[in-house]
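Two complexes come next, and they have one chain in common, chain A, joined by chain B in the first and chain C in the second.
Moving on, here comes the complex of A and B:
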């Protein structure tokens, strides 16, 4: 009678010990993740902040990029991202509308969804090859802002589509039906009622997607980013300098760059990309909590 | 007097017809945009193949896939992909050792052992890690990890498969954690409560009930992390030293498929043989990642259907 009892309590105690151990082990995994994130953020801020000044942000690189600032580099990235946004938003939002509002439940739609998911996993350098073959060479746009923006459009498209579809799905069917019942056509119901309601979600999701595009290096490496340019690009067919490519160049291609210039460039890139996307994500989740349907 | 109503009706009719016409136009545009993803994906495959055709004709797919050395500019030129594939695999294997235990462990802790505020906070942390550009991870690796690897293992150079793999592992964590956590989160609470009611501890519930139920989603997360690691370019280009030799240990320098394309595309003659061979490398890379992603997507879709209520 006592033996099985103590056996059972022994097993229960062991189970509780194992549980405690596993909580510590999995907790340690999370701690490592947080540690890695904090290390990345901390190192970039501590080493990069001293190099940041108005002069650094608003002057041109000099002395073979070993002095001066990164103004044309920042402007190049802003131009590239803006052009990408102009190209990708109409396409991505329309495709998102298709999936959420028009797509029938059939094999074709499943294939569309699979190819969107698959596009998101195509390596960025492969997009670079595609852009080089099609936009730079076949269409004869040449290595330029436009060729890179078109390449990044392909790369960002799945993100914009997914984010639009998700935002549209949050809008309850009542709103659509009310509009249709008042005699609106399908498109008027979508454009006047559903889209405005879903706009915050679409906008923040798109900012997230575009900020990721701003950090891409491999696709622009082969489609138009320039090692060094003395002036800003004057048209969409000019080459341009860009933050991620500039960081790559400073870190691996140019010897004896003062560390504050390299770290400063990394600081501007990380702060620009990640802070924008973190705020966008936070704003989106706040927006979701605020609007209750 | 009678004219006014008819014109009003006429105007009304006109507006309705116009709207219906607009509806048709919009519908066509929206459908076209919906099909765009298939078109782009197919175009990528087709153009990689078209540009690689010269290499396939002149070098031969069999030779490229079995030759054991890569001398693209030597005489004779040798275009063997094996050193590049071995390079990619060795880096990815190291990444796998990092992101599988840490990623799944973290997902379990976040989903099963932590409070709501902590989950929200971790979302921001993971969002941040995913948002940091790969070139920044590469740069941090150059600044911090290369000297560390060199000193720790007493090497002449810190640029090794290990260095690239460690950074790739960290870079893949956000993908693995968020997808695994989603899978764990999707397991219905009734299953957890049933297990706890039978006297299981929280951990016994996790490993006997929750994790097996979410296993296909976790598997998909690992696959997507793997795809991301194989396709990653800048970090490996900056960290692995790019020696095109089949490695015998992870402490040697390797050259990956992605790194090869990025490093050599700037120096080739457009339309030449070397250019075409680089597209063939891209085609192999595309094929590998396509298969991995497709498998992961199909598994995820099945999982979604399973818990749909």
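Moving on, here comes the complex of A and C:
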């Protein structure tokens, strides 16, 4: 009687030990991730904040980029991201709607979905070279805002499509049925009921996708980002300056740049993207609280 | 079309032939009556319902009863062609609404559904205001005039016995209503399309007893306005609210469900013709 009894308590003790160890191990992993993120963010803030001033934000670079500000750089990134958004959102959201609402459940649809998932895994330099070959050279758009935006569109498209599809799938089938049963066409059910309900998810996902695109360097390096320009781009076929590429230039291509300019540029990029992402996340959770299924 | 109806009359195997004949002859006068002739439903290659013959009289409540999985809801969804929205469902036989074969070429299911509304098992209001919920159907049909919309919304909410509770809160989000109120809102929303028939798929099964009572009272009022076909699990409910009852049964998973008996509710519950009906309504199975 005593042997199996002690056996059982032995096993229970071991289970408790494993439980405790795993809690510590998993917790430590989280702490490491958060620690690394905080370290990077902290370093950028500490080193970059002193360089931030109105003059830095709103004036042109001077003295071979060793002085002055980054206004054209910020504007270039804003223009690029806006243009990318204008191109990618209609395309991606419509494709997401098709996949979620209209696509038949067959092999073809599965292949399309798989291809989209694979597109998301393609390295960004490959998109860059694709953009260079197709948009810049083949279509003769030249190195420009437009060529870069088209390239970033390809890069962001899988994120937007997947986000849209996922957001639409969260909407209960009941709602579609109710709309159809009232004599609505599929499109009316989608546009008046399903899409508005899914909008918070779609908008947030799109913003996150676009803010990642804002930080991409490789695709724009070969499709239109300029080393230095004396003025703002005046059309979509102009070249432009942009934050991630400018940062790369300051850090590796120009000797003797004051560190507060380099770190200040990093600060603007990282903090800008973080603020937009946080707003997106906060807005979504506010919307979620408002509407419960 | 009268040939089909004639056949329906002749083939209806149960119930009072007199009643069936009178329904059939008055079809032209009163709208919103169905005739089902040899209706079958298949999911892919599996036959799930077979050989259903019955009439659904106008301005009356027809209850579909039977054990879970006997195809009541599937049969109900044939009447507004909601089964079309699920891939791989084939409907055989003939279903006519006031003489019109609803599965014939040229019948648009979208139009059909403005004549045959549906209320679902779980309340499913749209995530918008009470007003916009009820206005959805009329707006879908192109109605934009504010006064006309207001009028339809008030009368629909009155018919669904919800007006008094919400008349000062029409701008409120529909999700703020209780479950029972939401279901009555869904009824109002369906009524706003001015349907001739209202299909109800266990409309009270997700509700508490008081809300259930309110829904039943609403149904009793509504049958003066529309034909009602209701699927219910609740035998007492069928006995309380329906004029005609149809009992469906799927006797084994190898064979399709069929209609065992259909007829006047009082007679069905007091003097069923079929042994299986008697066993079911007295609670011996299902």
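Simple rule for what comes next: the second predicted complex is superposed on the first by the 262 of 293 C-alpha atoms of A that agree within 3 Å, B and C clash if a C-alpha of one lies under 4 Å from a C-alpha of the other, contacts with A are read in each partner's own complex, and residues count from 1 in each chain.
The working rule: a contact is a pair of C-beta atoms (placed from the backbone, for glycine too) under 8 Å apart; a residue touches a chain by one contact, two chains touch by 3 or more.
None of these values were measured; they are calculated from a predicted model.
If you put the two complexes together on chain A, you find that chain B and chain C both fit without a clash. Touch criterion not met for A:199: it reaches neither chain B nor chain C. Looking at the shared chain after the overlay, A:188 reaches both chain B and chain C. When both complexes are overlaid on chain A, the residue A:177 reaches chain C alone and has no touch with chain B. Superposing both complexes on chain A places the Cα centres of chain B and chain C at an angle of 100° as seen from the Cα centre of chain A, in steps of 10.
Contacts of A:274 after superposition on the shared chain: chain B is touched, whereas chain C is not. Of the two partner chains placed around the shared chain by superposition, chain C is the only one that A:104 touches, whereas chain B remains out of contact.
In the superposition on chain A, A:45 makes contact with neither chain B nor chain C. Closest CA pair between chain B and chain C after superposition: 9 Å apart.
Residues 185, 188 of chain A touch chain B in one complex and chain C in the other. On the chain A side of its complex with chain B, the touching residues are 15-16, 18-19, 22-23, 25-30, 32-34, 36-37, 40-41, 43-44, 91, 94-95, 97-99, 101-103, 111-112, 114-130, 132-134, 137-138, 154, 157-158, 161, 185-188, 208, 211-212, 214-218, 221-222, 244-245, 247-248, 251-252, 262, 266, 269-270, 273-274, 277-278, 281-282, 285. Considering their complex, residues 80, 82, 85, 87, 110-111, 113-114, 117-118, 120, 122, 124-128, 136-137, 140-141, 173, 175, 186, 189-190, 193 of chain C touch chain A. For chain A in complex with chain C, the touching residues are 104-105, 172, 174-175, 177-185, 188, 192-193, 196-197, 290-292. Listed in rising order, the residues of chain B touching chain A in the complex are 19-20, 22-23, 26-27, 29-31, 33-38, 40-41, 43-44, 47-48, 50-51, 101-103, 105-106, 108-110, 113-114, 120, 122-140, 142-144, 170, 173, 177, 200-204, 206-207, 224, 227-228, 230-234, 238, 258, 261-262, 265-266, 270-271, 278-279, 282, 285-286, 289-290, 292-294, 296-298, 300.
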